[in-house]
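Sharing a structure below in structure tokens format, with a few things to ask.
As written, the chains take the letters A, B, C and D, and residue 1 is the first residue of each chain.
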Amino acid sequence: MNAIGIQIGWIIFMPILVIIMGLLYLGAARKITARVHNRYGPPIYQNIIDVIKLFSKKRATNHGVMFSLGPIMAFSGLLISLMFIPIGNKALLSFNGDIIVLLYLLVIAPLGMALGVGEGANPMGTIGIARALTLMLGYEVVLVISALSVMLYTGSASFMKIIEAQSGGVGHWFLWPLFLSALAMDMALQGVLGEKPFDQPIAPHEIASGPMVEFGGKYLGLLQLYHAVAIVVETGIMVNLFLGGGTLFWWFVKSFTVFFIALLINAVMPRFRIGQAFKFFWTYPAAISLLGLILVAILK
Amino acid sequence: MAKEKAPKGIKGWAQGRSLWMLHFCTGCGAIEMPPTMTSRYDMERFGITPMATPRQADLLLITGYLTVKTLKRVVRSYEQMPDPKYVIGFGSCTVNGGMYWDSYNTIKRLDLYIPVDLYIAGCMPRPEAIIDSFTELIKGIKEGRFDGWIRYRENIEFYKRNQAMVMDIRKWSLDTELAERIWNEVQEERKKRFERATVPHVYELAERIPEGLPK
Amino acid sequence: MSLEKEQKVVELVKASFEDAEAEVQRERRVKVRVKPNRVFPLVAYLKGHGFNHFVAISAVDWIKDGEIELVYHLWSYSEKVHVMIKTRIPRDNGSMPTLKPLFNQAETYERDIHEFFGVYFEGNEKLDREFILEDWDGPPPMRKDFDTRLFSAEFYDQEDLESEALRLKIQPYKGHLRK
Amino acid sequence: MNLVTLSYAQYFGLFVSLSVVIYLLGKGVPPIKSVLSFLSLLLAAYLFTTLQSTGQTTLLLLNFTFGIDILTKFFVWMTFGIAIIVSFVLVSNKELSPTFHALYLINVIATVFIFLSRDLISFFLAWELMGWTTFAMIISDGWTDKLKAARKYFVWSAIGAYFVLIGFAILISQTGYYQFEPILAHIGTIPTGWLIFAVALLVAGFGVKAAMMPLHVWAPDAYSESPHEFTGFFSGVLSKAGIYGVFMAFFYFAARFEAFNMLRIHGTSIFGYIMVWIGAITAFGAALIATNQEYGKKLLAWSSVSQLGYIIFAFGIADSLGMTGALAHALAHALFKSMLFIIMAAVIMRTGTDHLPSLGGLIKKMPLSFIFAVVGGLALAGIPMTIGFTSKWIIYEAGIHGGYIFTTTLIFAASTAAFLYYYRFVYSVFLGPLHEEHKEVKEAPAYYWISYILIAIPIFYFGLYPGKLLAIISKILDTYDLPSLQTYTATTVATPLGTFNGLLIGLGFGAALLVGLILYLIGGRTKKAASPTDKYLASEVVTNEFELHYAMDFYKFLERELHGILKISAQKFYEFFEEIVRFTADLNRKLFFCGNGQAYLYYLTIILTILIFAIWRINL
């Protein structure tokens, strides 16, 4: 009974922690980008202020029921995916799921947002969604091949078993034997996170921030929270598959390191055209990950 | 209905520290923004970021002169922003028309058409002046001094009437019913003004210099 | 500085258009004055002789003469000469044939001049469409007899409204001025 | 306690005569035809429960054998379920001819008899009857380009039928029996080569109906041109007859035979391996093509081809996971695809078009249809909590467990592409701006949305309780002595790779949704958009002269990048083939039937010369 109580406590506490960490990640991202640009930059807790402000705003325009439900569904979809990824050796519900469950739960959030954007009926938003989906078709292949190689290597699709197989120090991380897969997944992660050069879906200068074009006030607040959780979950996939999980502290350190690499690339890169981005994913990262997969298949 | 108040406390603080800006660059003022954003002056340290759409913005920064054609878009952008929202008029042209004081198609005082919270005078104001106005705005918001959107809501007829004088508000207002009514009300006066304003007159050379200036 | 190529262009014009007054204005600049009905053939003729860049159309209101002067600017990349073709039409009900069959971009300039000077261009189908001035029902504003200062004063100097604003206490906030 | 006990022949005869009654009555009293058709189907479903588990009928010296087992029940109830729902929807449609209703009844009964028959001849007859009635229905009540689509369907059905016929002929000639059980008993006597040949023919023949690439070319046209409500049944269930055929040919006959399994790749026979590849390529290629469709029914039709590819893929793997996944996906596809096609039918009924750029904004007018389009889409994209995820998840685990790395990747990519085309569909039809001419559109009649609800119940039930579905499938596989998945409870499914708990995900998502809702309510008030044109478009006011519906060339950039892949078209290959045949035939005709006496004389001379020369050579 006590164990269940503790588990429930973690289930309630973990999302709060992740939201705050995610917002701090975003704040740090702005600070780091500013430092790269030789600016002072906003305080690291800036995004928390933004969220408070967005939720306190009044009379944001509402385009219909699905428009309101979209951000809610996006945030909830991410919250439930959070339950199925182990964070710092804490398996919230992930004893009951595996990588594929997570990959499909991660789809709920964009779907919800896409439906909301659709009811907003702004063509720029829809162009953003069409781009995001095209990009998704690009990176999903790389992500899946890389995840497949891990699954083949361990013979399990369960996160817990994969982390267990990597226990015992840095030398046991899958980063080393599956280096090519890890490299490809990191490339795909750049697209998953939507950092440059893969920020075509929200290109503010072309399509007025794309899907977010009609969202203001608390809608945007929910989307900010969604974004914050998404960053932790998405980098978490990489941490769990290749960097061996770790305790809560080390888990967040690893996760931020993965995010940091993406940030540095983001700070100095321009934007691809969407077609180029798609083609890029289906050429080099896909080739690298396939090579990694073949190596695993041979070695096994 | 209780009078709406400007946000105070944590809401006001958050509002002040996180101003998302829609810069409506109508003319020459746009060029002052890049230095304000980039490494020399860096307005992001105050939490001020440019946004792409009025839906996400808190602050409407209008730089430069406003022709009637631009004013229509400004009004629409302003009405599309969620509350609380703030307006900064940037440059002399928003204050009194500036060098476009006698243009047939440029408005002179912006705050007759939408409520302006702050003006930055100058032609052009330097980035220091912009940063100064931002800090003043942040301070004022925390204290709850700026309430432009409340003024706009409460005196909507006044603003709409003024707008109706110069532009077709039926098309450009969000509240089309109100716009239709006020539009019909001001038609007569508008026509009268129009007759007075379009009397043919050819300027002599001496007349072209405005009064008060040495001839 | 020899003005040979400019002189050549003048001769080129005079060879076919005897009634045209062509002269060299300065280096790279040739001025031709023709009757309105000769503009189209002249432009067509020059286009056939290498003047294939149609730069712009401009207009001048000569109010005391009761005429509007239209200036067609052409440029030749091979000769590097700018030809201005000037013609005058009456201010009231003046009209010109459109140059659209020769240069598509003439359509845009003609719409512009139609709006600002009230000149009618025959054959330009888009002339009636709104171009720059939205919802404008006054006289063409660039004509000399349009009193722009009076118009501005009547419409944008709304002193009565300012006093109304004062009464409603909706002046912009002034408390931020430094003490 | 059964009131009546019918033999199989009586059962068949009853409904064929009922269809004649429907036809005749429908001519005289039009409104009655659809009601009668619906009631007949209900009666058929009821009478099906009274049928004995085996039965025989002798006709013209042939001994037709029928039987019911759990596999039959699975497919028959799927058929009846969708057929009755479609028929219920058809009650509201007054435009279809009595011919259609009569044919529809025969079509359903023929499909049921495919599953019931236990001998090759009755199987083939039922198969043909199904094909012919479908063809006749497309002809009688099809849509814009019905003749071309029907012709294509007919040609391909005929080709498939020939394959099946030859395959059956080999089985019959090699064993001397035409009933299933004796054939199974004597299957060991068939030489391996003949068996493989027969199974290949059968898989190809049934594969035509299951829209297997490259035999799929009829499907997009036939699906999109057939009567709208019927398309749900056509695509959802009739294609499953092909799947059933593949299952029977493959697992009922061939897989039992040791020699057949000698060559193994990745734990499956070489046959299975080829099917895995065909299935994966079908799924992926069709999904990519679906993303570029501009017409709703075409898009859904290509999506059908893609989803059937999943089933073929899973069958090819042929282990416990694969077969479970395939059967689960057969049901899943029948459910969500019939739902989406019925929704499309409702939209076409109200607006008269399925051209995606001409639709849009119907969420305001047809909210219920939109909700269920989302439900169907969740199942199609394989979102957890729906049956689509249950089946797809098992298929993925099967692929990974079997080590099919490339094909599983293709299947994954196909699933992402499914998300792409689904969003294009739902956005273009229901979201986006409303067109001026659709201002007066009303919600679909109650017949429609009651049927949506009826289909949505199993979609969620089997998604939240995947074990309930797996229990049925395991029983089927056990009956046929095939490997079955045993590691499941009502809510949890476990594979060697991982586990997933449908109910837990459902509850978790519910809780998460609640949290999201609370956060939403905490936030400040919102205001309704002032007008449909109140949106940010660079501060411009939009009027109807602007086309704001971003539905044309939705994935243009994708199309541009994939041009090289999309250009490979089976259709074009067949057209090229046709061109060659036509050219050869033309040449033949011109050369030999030109009617020119001189030419004939000339040929005669040549032939004589050759003959003389030959004789002379031989004489030497």
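Quick note on the criterion: a contact is a pair of C-beta atoms (placed from the backbone, for glycine too) under 8 Å apart; a residue touches a chain by one contact, two chains touch by 3 or more.
Model, not experiment: these values are computed from the prediction.
Relative to the centroid of every protein C-alpha atom shown, the closest chain centre, again from C-alpha atoms, is found for A.
C-beta contact counts were set side by side for B-C and A-D; A-D has more. Centroids built from CA atoms put chain C at 32 Å from chain B.
One finds 36 Å separating the Cα centroids of chain A and chain D.
Mean C-alpha position of chain C lies 67 Å from that of chain D. We define each chain's centre as the mean of its Cα atoms; on that basis chain A and chain B are separated by 40 Å.
The set of chain A residues that touch two or more partner chains comprises 56-61, 208, 213-214, 217.
For chain D, residues touching at least two other chains, in rising order: 534, 536. Multi-chain contact residues of chain B (touching two or more other chains) are listed as 53-55, 80.
Interface residues of chain B facing chain A in the complex, by the touch rule stated above, are 7, 10-11, 13-15, 17-18, 20, 38-39, 42, 44-47, 51-58, 80-84. Here chain A touches chain B in the complex through residues 30, 34, 37-43, 46, 49-50, 52-53, 56-61, 204-205, 208-209, 212-217, 220, going by the rule given at the top.
Chain contact summary for the complex, chain B toward chain C: residues 68-69, 72, 97, 101-109, 111-112, 115-119, 136, 140, 145-146, 151, 155, 158, 162, 165-168, 193-194, 196-203.
The part of chain D that touches chain A in the complex is made up of residues 361, 363-364, 367, 370, 374, 377-378, 381-384, 389, 392-393, 396-397, 400, 403, 405, 408-409, 412-413, 416-417, 419-420, 423-424, 426-427, 430-433, 492, 496-501, 504-505, 508-509, 512-513, 515-517, 519-520, 522-529, 532, 534-538, 548-550, 554-555, 557-558, 560-561.
Listing the residues of chain D that touch chain B in their complex gives 530-531, 534, 536, 539-541.
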